[in-house]
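Order of writing sets the labels: A, B, C and D. Residues in every chain begin at 1.
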Amino acid sequence: MTTDSILNMGLIGAGRIGRVHAENIATRIRSARITAVADIDAAAAQEAASRWGTGHATTDYEAILHDPDIDAVAICSPTNTHAHLITEAAAAGKHIFCEKPIDFNLEIIDTALAAVERAGVKLMIGFNRRFDANFRKVREMVASGKIGQPHILRITSRDPAPPPIDYIKLSGGLFLDMTIHDLDMARFLMGSEVEEVYATGNVLVDAAIGEAGDIDTAILTLKFANGAIGAIDNSRQAVYGYDQRVEVFGSAGSVAVTNNRPDTHVYADASGVHRAKPLHFFLERYKDAYAAEMEAFVNAIRDDTPPPVSGFDGRVAVLIGLAAQKSYRENRPVRLDELEIAP
Amino acid sequence: MTTDSILNMGLIGAGRIGRVHAENIATRIRSARITAVADIDAAAAQEAASRWGTGHATTDYEAILHDPDIDAVAICSPTNTHAHLITEAAAAGKHIFCEKPIDFNLEIIDTALAAVERAGVKLMIGFNRRFDANFRKVREMVASGKIGQPHILRITSRDPAPPPIDYIKLSGGLFLDMTIHDLDMARFLMGSEVEEVYATGNVLVDAAIGEAGDIDTAILTLKFANGAIGAIDNSRQAVYGYDQRVEVFGSAGSVAVTNNRPDTHVYADASGVHRAKPLHFFLERYKDAYAAEMEAFVNAIRDDTPPPVSGFDGRVAVLIGLAAQKSYRENRPVRLDELEIAP
Amino acid sequence: MTTDSILNMGLIGAGRIGRVHAENIATRIRSARITAVADIDAAAAQEAASRWGTGHATTDYEAILHDPDIDAVAICSPTNTHAHLITEAAAAGKHIFCEKPIDFNLEIIDTALAAVERAGVKLMIGFNRRFDANFRKVREMVASGKIGQPHILRITSRDPAPPPIDYIKLSGGLFLDMTIHDLDMARFLMGSEVEEVYATGNVLVDAAIGEAGDIDTAILTLKFANGAIGAIDNSRQAVYGYDQRVEVFGSAGSVAVTNNRPDTHVYADASGVHRAKPLHFFLERYKDAYAAEMEAFVNAIRDDTPPPVSGFDGRVAVLIGLAAQKSYRENRPVRLDELEIAP
Amino acid sequence: MTTDSILNMGLIGAGRIGRVHAENIATRIRSARITAVADIDAAAAQEAASRWGTGHATTDYEAILHDPDIDAVAICSPTNTHAHLITEAAAAGKHIFCEKPIDFNLEIIDTALAAVERAGVKLMIGFNRRFDANFRKVREMVASGKIGQPHILRITSRDPAPPPIDYIKLSGGLFLDMTIHDLDMARFLMGSEVEEVYATGNVLVDAAIGEAGDIDTAILTLKFANGAIGAIDNSRQAVYGYDQRVEVFGSAGSVAVTNNRPDTHVYADASGVHRAKPLHFFLERYKDAYAAEMEAFVNAIRDDTPPPVSGFDGRVAVLIGLAAQKSYRENRPVRLDELEIAP
């Protein structure tokens, strides 16, 4: 691909998140286009291909991998297919954008990352929140020294409503499904690695979540390599909407971001002063972040620079999630190096 | 045009605002496309046509008006050409989107509106702020009775920096160039007509503006048909950025909207607590409003419904602006009916 | 009175505002005490004297004026007695704190101020809002040049509910009863004199107010000697509570203050995000301001410095109020010098 | 003491916090007075007695305990004297207000509480924050069910600057000196007991604090009997001032309170939008809370009702603090029952 040419992309998986990426590529990224869509649901593939692509649809993702005109793929299929698809796509010489998480198993992840390494293709993991204007601003202020040395990180991350129980069962559990975003955010904002995690939680939102072997409410404590400490709180259900806030506190000050709202109205009546709830969920809140994320991927290929969220980043988030899971189960702090695979 | 077909639009004027509309039509409105661009600057026409249209460019707007495949035009040329172009486009049977103001002269406006009336085409005037999420919310709450009977309207509208003096000279003056948006907003939010205006102002920002015969700072008092009263304050220069706030206060409460910011960060350091300035100017602040505005025009044609900002709306805003100008010059309240052309 | 001694004060008028001052003197001002209370209602006088003073009560204010141990008086009786009491107290050599307004008649005011001048006593007028932390901060930032040259002043001043109609009838009208505080605030914040005023208004809250010859909703435009302009909006009824906000906008920035609330809570539920209404009315909102005001009076006597709100200040606020009244009645801008008494 | 009589109080300890209480009793609590002050520093005792009391000062606290006219004592001496003074005051039949903490040793605390029990006097512990308008509002909303079942508690509590190292050495450590307030707040707000705590922390503010055997930055995770979980973060130094925020999140919503500021001003200039820092430290922030606290103590005696902060409350806060200390030292979650003294 030359700087002036258009990147041809194949979309693998035309579900909810796949369609978000397809629309962004079609309408907001001038230097890329969708030239093929694969989904086991032929109708879904066709609809996405017609709407946002050049019309080419297939139920066979291999057709995309073997298409010599395709430069890159966006893997938006279920989690359990990610690592395999990464490996195959790398072998086929395609650059890869893959939704999080890569997998729940570190060995499987490492196998996929090794394939990427061997093939010399680019891999970017979809931690979309890094591209949100609020979180970017926090990172920028921390990185520029505005708050001095970081001491304390606080993340509040709560969904508006729990997913269906069937989803919960396959989700990998709260820490690997939901907290994983916050774990990546923690590393991103602090610019320091997590060394130890303590996780506690409970089933407070819906007993069915407990019956499915998961929890719905959690608090994690993180210790960072630079000496800082952090706390994350999660809930599967904030009745007032998607709650996404962070604060980094340091020796020279603090920077915090709060939720985005649909408008700035303030309504005062005899009962009080009222304003709008936060934007309802991730599709609304991270609308622009998804577009910026995909653009960053496309730019990294065009400019031959490292993608801003690496396979290593994808792996570490899973590693911390697994440590959190172990911590919760054993009710003790767990160091990440406990989980590393012996050579 | 059938419901399923794509509306073919011709863009007349490929300057700053013309390009905003062209980009929105190209990237955000699926049911319309730019099939021709006219500008006396051939290069500007060609660039816009290539980037957002089908590539057809011309220096002769008549080519657009006579193109039978074109359903509608967007008039984005200088103000002094608006009325003439409306008249011609109407005669050619094209639906018309026209930037504000129609003209500074009521007789000329009336001639153009009569042509539209005769031709039976649709005309929409570009008061983009009506499509901003904040102001829509205020209108919605006023219209639904949430604040009871409206008593007081307050509008603060300040630009980040004055335009060049050469622009000022041709602008029609503060009231017709800048305040006109607030005058339309006043009618829109209150759902009642302005009957009288008192305007005062001064040259406080830049003496050169005074030398050009204009003022840069103003306060207007409005009296509405429903008995409510309102105040607008304007400045050509708010050093902290584009300041666009309104409040409607009524018998059952108040609703106010404030500025949009690029992010929600709050930074606390030893010197205080700080957050971002408002979005810098109208292109940033009203980015989504411009897209929603054009979509509303396209939908009105597709659904054969009245456009949400009529020629009458465009005329009344100018009428109030002219009354404000007279009020300022004579330092007395001026009733709108003083300015109406005798039959 | 020496620096170390306690100032002996007589309270004339033990109504609502008189009791506020008495309590402040008793509990918050160490260098003054109430040694006598006069009120035509003997029980009210006695109660205030027992509760906050040394127990001495009278129905005859002259007893206070002739008491050689009394250094100063606080005049908190009805408005129509102010000027007369000032004159007598001055003649008796007492320092004077007097509630606003001095009178509604400029000649009567001038007679009282001349008496003060002749006697060489100190007179301070009770514009309590000047001592509010919010408004002091605005004044401080304007005075220190933080906003550059002031260009625009905006004052929103709305009461939670109208007073009884019987009060309205004797109040002097909206401009002299309610707006007068804002007129003083305008001069205080801007550090420049008002030269012209345009006032408009209506009866929107309660028809009975109109029947009593008054209005309940108003907007005033002010022109200042320094070229700046200002707008004040008033309502007798904000259902959400006492609304007291100002903004001063200038060449280098803007400073605004908003309402005080009883607590900072933010409550988010499925219906929205909610917080407390403003403090209900002036007794709550200006609680600390009243104490600071009286302390400033006591300090001015102790330190022999000019009181921070002079008789001149009291006169000018009435003058602007009268001009506003004339402006409203004649529906035209009125210059203040139109109202000055010819020599 | 009858309902109408004045409560005679003896102040033991005329240091910083003793003077706060003395001033409040003297100026803001009508039904109590200071009739004696004891301090080993005779001058301090005398000054406080003259300023806020009836003038009686002593260096011997026993004089207060044996004074038959004294109804109650306020123990404001160093922590290591608290338990002993409580025991003696109880034996002397005095009601007792005692500053927190009672002691750092549970056995010593239990001995003191047993003495109170035997004597049948009232004991209230000085957890002043319970009387702050913000925290009261949160408690009120949680108690009334506004947020449904509480799920997550978050407390941010940061001091503006660390105390002197000599103070740190005797302070009992961060958890018992500073966090103890938050531990009481946690119980107060949630209305449920803490069962387990996990504490982590570090020396990030000042190495000298580490050399003194303490930490200056901490995060605690709490598990409550009702299944809820909570996180507290502490720092000895927030350069922007005293940071005191809490949030309780539950099944039906969330309530949060933030810091109080000296005024509401918002200043916008070319560099951003700025407002005031939080009130600097506890004397400013909890000014009204201290007065309300002492009034609650006086009322409990007058009305013969249980004081709102009991000896049990004082003991439990220390118990959780000790558990936190153990948790931090052993880097594991610690259940409170591990620390209970065997019968």
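Observations on the model:
Rule of thumb we're sticking to: a contact is a pair of C-beta atoms (placed from the backbone, for glycine too) under 8 Å apart; a residue touches a chain by one contact, two chains touch by 3 or more.
Since the structure is predicted, the reported quantities are computational estimates derived from the model, not experimental observations.
Shared contact partners of subunit A and subunit D, listed by label: B, C.
Note: the chain lying farthest from subunit B is D, by mean C-alpha position.
Over half of the residue-numbered contact pairs at A-D are shared with one candidate from B-C, B-D or A-B, namely B-C. Distance between subunit A and subunit C, defined via averaged C-alpha coordinates, is recorded as 59 Å.
One finds 43 Å separating the Cα centroids of subunit B and subunit C. Centre-to-centre spacing of subunit C and subunit D amounts to 40 Å, using the average Cα coordinate of each chain.
For subunit D, residues that reach two or more other chains under the stated contact definition are 238-240, 252-254, 268-270, 276. Within the complex, the subunit C residues that touch subunit A are 238-241, 268-270, 272-277. Contact residues of subunit D toward subunit A in the complex are 149, 151-152, 154, 156, 158, 198, 200-202, 204-205, 217-219, 221, 223, 227-231, 233, 235, 237-240, 243, 249, 251-254, 331-333. By the touch criterion stated above, subunit A contacts subunit B in their complex at residues 27-28, 133-134, 136-138, 141, 146-147, 252-260, 262-270, 276.
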